[in-house]
Amino acid sequence: MKLKPFYRRVLYYETDKMGIVHHSNYLRWLEEARLDFLEQVGIPYDKMEENGIMIPVLSSFCQYKYAVRFNETVCIKMHMEEFNGLKFRISYTVTDKNSGEIRLLAETSHFFVDSKLKPIRIKNAAPEIYNIFRDAVGADIYGE
Amino acid sequence: MKLKPFYRRVLYYETDKMGIVHHSNYLRWLEEARLDFLEQVGIPYDKMEENGIMIPVLSSFCQYKYAVRFNETVCIKMHMEEFNGLKFRISYTVTDKNSGEIRLLAETSHFFVDSKLKPIRIKNAAPEIYNIFRDAVGADIYGE
Amino acid sequence: MKLKPFYRRVLYYETDKMGIVHHSNYLRWLEEARLDFLEQVGIPYDKMEENGIMIPVLSSFCQYKYAVRFNETVCIKMHMEEFNGLKFRISYTVTDKNSGEIRLLAETSHFFVDSKLKPIRIKNAAPEIYNIFRDAVGADIYGE
Amino acid sequence: MKLKPFYRRVLYYETDKMGIVHHSNYLRWLEEARLDFLEQVGIPYDKMEENGIMIPVLSSFCQYKYAVRFNETVCIKMHMEEFNGLKFRISYTVTDKNSGEIRLLAETSHFFVDSKLKPIRIKNAAPEIYNIFRDAVGADIYGE
């Protein structure tokens, strides 16, 4: 795979009175980065949902390394750490677009469910999704 | 009717870097006030939705009179301006709980729809809701 | 002026359980469109704030014409309706990027303040900003 | 200490099109629970900020055990796991108010900073805050 990282500019309403991005927004950016990934690999999330497949979050971990401010742009790169056909775990490196300095390190884990939120084996439900996730594990998805 | 006004304290994450509540949050508070009204009059919104009735917003108007800050509490009072069985219009007065000074004047208009977002006549679909809205028009819902 | 309209894709977390964008988010998109306008005309808002000039919202009016859904992209075009050196009023047309159908009609009004939220005459405080706003009034800012 | 747990009802706009609370909102509820704790122990956060003391988040960890839905009420209990005068770490148990079933397990860690976001030793800056945090470590703050 040779994907593009996800770039995200800080919106005004994402700041709080401390003058920096409220920490809850990072989880939203990570979601945006995941959906961008799914789109880049040809399995856009809106189509997945129409086919009755959803990917809720099981857990999240965030290390807020350095405050991000209004109008700064961050670069989000993902790494597929684990995938077993039922669940997967992604790590994220969020850096400042200009300086390359780390802003956030994060991880989220997820599972595949049907429209009733019941877990499913994605290999049976959608083999093309299974293959993409399997190939992404451990790969440098932004490399050659 | 003799309802209680809706009190709402400003949450930290609702402020922005200007140090005041971001103006988009007021529409959320007005929604909370409407749902509190529906609960007080015995037609809680979650039950309405389970029965396939939803109340989307048609329009909103907000006059931001004075900035509201973290940890301040506002008092929201509603007034049912109009209702014709299909649509209704509510005005809101949002004041500081302590000083009574006006913070926001607002109006929203709504219509009743079914679960497919198709407009419905509420008198046919749910006469008890119709009666409550009809009685609320022009009434001092916080009085005797 | 010949500016580009502002395009905005609907994010997953902007939807609510009705399956459509929660109406409070439109005010956030309009803000994004305003900041994009300021950047395109060479007076980015973060620089303005650093120079002690802020532009709070005085009022907002939204007509929600048609529900917007996850992953749809809207096109936001602005029109400077009024400007008197102290206040200004903008109207917005929000259409679906693909079909061109109207999704939202809106207006917001604003005033210029200093860092203590005290109103200022922008002609004195920053003549270059004054000139840009004056020239934008009534103009087709997306035309030739 | 004998504090009250923090109760929080799910707001409509906190749900997403999956019909459940968007996971980013839990971090906001945890913040509300922390601020409620600070108020109950007599050191309200708005007063702390006025005195130039802020408490940013260093890290967060959330295990989303079971989806929470509109209008459900959760009960949030905190436990002060660690505190060394510079940093502290809190764990949270979020349960359904009615059933007592677990909805979320979480942890956040924080440090004390001044108004320029520079770390401070809270024992010097505000001994009364130091004492409260020291006494909370390992204590059953909802017990006798």
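Per-chain numbering from 1; labels A, B, C and D assigned in written order.
Here is the rule we use: contacts are C-beta pairs under 8 Å (C-beta built on N, C-alpha and C of every residue); 3 or more make two chains touch, one makes a residue touch a chain.
From a predicted model like this one, the values you see are computed outputs, not experimental measurements.
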| request: Please decide if copies chain C and chain D contact each other with the same set of residue positions, more than half shared, or with different positions, and reply same or different. | output: same
| query | Which chain's centre, taken as the mean of its Cα atoms, is farthest from the centre of chain C? | reply | D
| task | Can you check how far apart chain B and chain C are, centre to centre, with Cα atoms defining each centre and the answer in Å? | result | 25
| query | If you average the CA atoms of chain C and of chain D, how many Å lie between those two points? | reply | 36
| task | Report, in whole Å, the distance between the mean C-alpha point of chain A and the mean C-alpha point of chain C. | result | 29
| remark: Residues of chain D that touch two or more other chains sit at 12-13, 17, 20, 24, 28, 31, 49, 70
| query | Where on chain C does chain B make contact in their complex? | reply | 17-18, 20, 23-25, 27-28, 31, 49, 54, 56-64, 67, 117
| field | chain D-facing residues of chain C, complex | value | 12-13, 15-17, 19-20, 22, 24, 70
| chain A residues within the chain C interface of the complex | 11-13, 28, 31-32, 35, 44-46, 49, 70-71
